[in-house]
């Protein structure tokens, strides 16, 4: 379905970096969810570049809720949010030069040369602003049902953050941070290293780690709609994500069954597991433990360093360096996109389980 | 869509481990694909247990092509393949005991106690035989179009295989191996370690690495139907997969943009890249380079060691050890399942691009 | 999705008239629905030909529930029912002759000559046996929730049945009739006329009228998943259906707004309408009144009369008459197929509204 | 999928009658289709009310193409068109009164009282402006491939138009008419009768008849994606449509097989049929003849006459008459909506057959 994600709750994105506007439509959210425009703004702000470590392009991100909200509540019909493009400098882009790591060449072939190439067009990270705006409503809906999520920068520019320890208390503060590390001193180190890479006309990547708490047992489907399948589908659509792992992830390849298996126990009436190597998912279905996963974010492909590449119009090998605005790191900005698609997917799975009107349930 | 994967080419699985039969329906394959029953058998054999390192349950896997094939060619209508269950020993299973790492508990909650719990029921790895049987036809279809794929055991039981070097020549031999390493001496070491784990009533995991060659440029969609999104969705539905990464994957988090970016160049008329850190995919769309990815396979959860767990019927904390038949390792068996879902997803994406009758094209 | 219908509850059909078997997979039904094999047999019997007015081909329709049922209850996982083909006489069919009104020519073009042409192949009405077998479970599920449906032969071979009058009492008896008229004397007239057409090597059509009672208010979605859209999609997939109308249907084109509008009123606590010209649907959503619709069934295209047509292999204009087994009328047999797809669609819509586990819900 | 229609080509609608804007997103159109804004305006004008026979609400329908178009060509990415709402008079609407024939009551139950009830909210016919705007591009795409369509008012207010006779020449002129009859004198009679009904505070319905020419043989899928299934799904989502029939439709119930069957013949190299009772479709697949169908449009439910109804907030039986702006007839306005959804569905089916880039294909 190309630009649409989901079944019962579905989001459709549209827009190009230098077109009139970008935006998204989310359909299938239950009626009666409180829509908090300040929270949408807050989420969009987290996605926006900041300071020296991000692109100087400054978009106000003044979103317009075009439909689906009435008296500050969702109506149950599609919510379309449009975000106009304002600060566009098209002349920075040189058509025909395939920027390494970007979709210029693949888009050219796929769309037979009709693609809007300006600023990455439909492949621009700017499209994620639409996802973030409607994702904010999904996050709020989950919160109304006691489901919270948070993502920290597990690793960036060679620096590692501390581990999630107390899931419950961390996410509230974490979700307000612009540069979301659990240990702020680690965050400062990361920023220093990002600035260093920027000074060398280079860029860095990192790893985001997410935890979702409060999901009921029994969410997800066997086989193709497993929680892992559904989440990874969405996560790999976030630009720059090149790896996704749940629970202990790739580390499991070095473990014995006796180490990997999460022993169940009753703690009063709740079923829990001692370890959580499976990331809260057994057989594709939530087991009541926190759902945990990590995403690998590649270094921003736009760098000022000169690179070898091709001109796909003239069919020549050329040298190229990107002189437009760009970020030396997008890990911290991708964080809120990861949270947004996660919330959207979970709303879809919860709607499958509890039906259209699940907000009022439980 | 729960047990259905895909849009233009879609596969639906059905069956339980100890029911009458398991199977799959694949719909949307073009008419005229040669169906090679010997190859289907071969693929099913690769999925089946072998020797000391696998479960003693021996299924003949005598599949029946029920529909969609006429005069050894696909007709273009749904192909249903049914594989009867024969060698089932239901008394091995003890209802109420949640085997750690398995879906017993989550299935119980999800299906309100109506699940067929025998042998893991619908969550059994046996269901993958249906996927493999129809996946074999998808693999053959790709081959007719010059697209080949191969998967080796990159790592297992603490031993690493050598890297893919010559993509073209390796896959033919590789695809015939029961224990698919590039370096057979590494394979022998792995097997020895698996046997050691088995002797200690334990199990091991590993990493599978896959390469797809011959895909045209321009396959895949932006955003939610990116090649990574589509493949990861399918790969995470393969039991025991806990991580998926494309190209250099998680390693990208430690790289600089100048290292990560794959420089384009013209080699005669073909566009290629010097490195392939992006795994043949830019902006979610194939760039003509081999598509590469790795899957982390967790150690088999069924182990004979005693483990702590619960009885979810009596609500008690209990000790449990699994005495039924089980594998100390399923990495080598998962290989052909990974190939199968990969082929199915690629047929779906290619059908989106080239239409229903793409077999005859090009 | 070609051979799959539905989202939350989805049915996939497979098979060819003269292949090994036909069948269907239904996925998404809640766990715990009682599966009554006698009722499945009963429904298949209603679909089967009978007496002089139907084809002499006699299939036992011995269905096998391959998966998804355990201890006579649905497990919540896909139910696959396979019905072997037994009594096939392939030599009756002459490849290349496009039988008028059939899909021989269109299938030949669509599938590039690879179609299984024997007995109509995948386009055979026999495929509906699969739909009927899984539809029986959907009908039983609806019944457990107080939702009943019935279809009578409103018109056939020039004879009209009386109108539905007392919705509640009629359907029980009606659903057991082989030739489902409300007034059996009308049914006898119809049969006489069908036999007359058969004697003249000809065939007749008719109109089926369906009523669904007990649906809650608020089922269905605005716009593209309206109850009318969803039902008509399924109904037009029943072979020979050329028209579908809801409520007063085409008659509305001759009415004034004041006649067409159904006035609401409270009858104690229930909301009802005085008339039901809208067929229980306002804005695509159920209003609590019976949902009513009619399907036009064309006369069976297979007739023994000589007809002009083409041989699409030799590209010649030829004369043709069908000497194989065929029905002079399929209206009475289509009835149970209409009921089956109706039940499946309603289960899908109810699952969207109430979630996966709606069986247990009120 | 609620507010989304289609698979390979999909349209999503959003908006409420008195919200900020309404609109639609169409995804999956091939890149390179010329976008003619004048034609979009023309189509929107045809949908807009005119003269005495329509509502006095006058919307400029100034649409904004927000995305997916670059240098007047489609880019292959989602096209979002937004149409602001301007002339809204919310005080005309009285919440709690269920207007007979409208979705006020069903929406109230479905959305738990959170629906935007103003002017019919999301159920307003105004939403069709979004469909028409993106449908115009689909119509243009079909035209580039030699596929044309036209719809005339077959019947309205008791007056019948003449039959389609010469398919090829009629549609060009027809598609420019505001009140689309083949015989303009019949159109004048219809308008006179509509005005008479309006003078009596009443409304009238009618029948639209559509013909599609130039479709290749082999479009459509067996069973659930038959051309009839796909088109009827879309057509029944057009407000006020209560019946859809293909070819001779309901008339087939009175025909003999020998009358109904369309005899094939070769006319030089083309295969044709002498009659076209099956409406260009055999077995759900196009046979190369014009695809023909008719839609029954009910009389506008908004009438000024006093009617019995309920207040669903106070639970009282009340009298009601609609004093807001409304049309005594929408048959002529529905015409262009029917054309639009038809074109969208056909683009979807053609994209399934020919792939993403089918514009360039022969």
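Letters A, B, C and D name the chains as they come in the text, with residue numbers starting at 1 for each one.
Please note the rule applied: contacts are C-beta pairs under 8 Å (C-beta built on N, C-alpha and C of every residue); 3 or more make two chains touch, one makes a residue touch a chain.
The structure displayed is predicted, hence computed values, not measured ones.
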| item | value |
| --- | --- |
| Pair from C-D, A-B or B-D with over half of its contact pairs in common with A-C | B-D |
| Chain pair with the higher count of C-beta pairs in contact (A-D, B-D) | A-D |
| Inter-chain centre distance, chain C versus chain D - centres from mean C-alpha coordinates, in Å | 26 |
| Gap in Å, rounded to a whole number, between the CA centres of chain D and chain A | 38 |
| Separation of mean Cα positions, chain D and chain B [Å, integer] | 45 |
| Touching two or more other chains - residues of chain C | 1-4, 7, 13, 77, 110, 122, 222, 356-357 |
| Touching residues on chain D, where the partner in the complex is chain B | 7-8, 77, 222, 351-358 |
| Chain A partner contacts - residues on chain B that touch it in the complex | 1-5, 7, 13, 98, 100-103, 105-107, 109-110, 122-123, 127, 155-156, 158, 197, 202-207, 217-218, 221-226, 228-230, 232-237, 239, 241-266, 271, 273-274, 277-279, 282-287, 296-303, 305, 307-310, 312, 315-317, 328 |
| Contacting residues of chain D [partner chain A, same complex] | 1-4, 7, 10, 12-16, 19-23, 25, 27-28, 31-32, 64-68, 70, 73-80, 82, 110-112, 114-116, 121-122, 356-357, 360 |
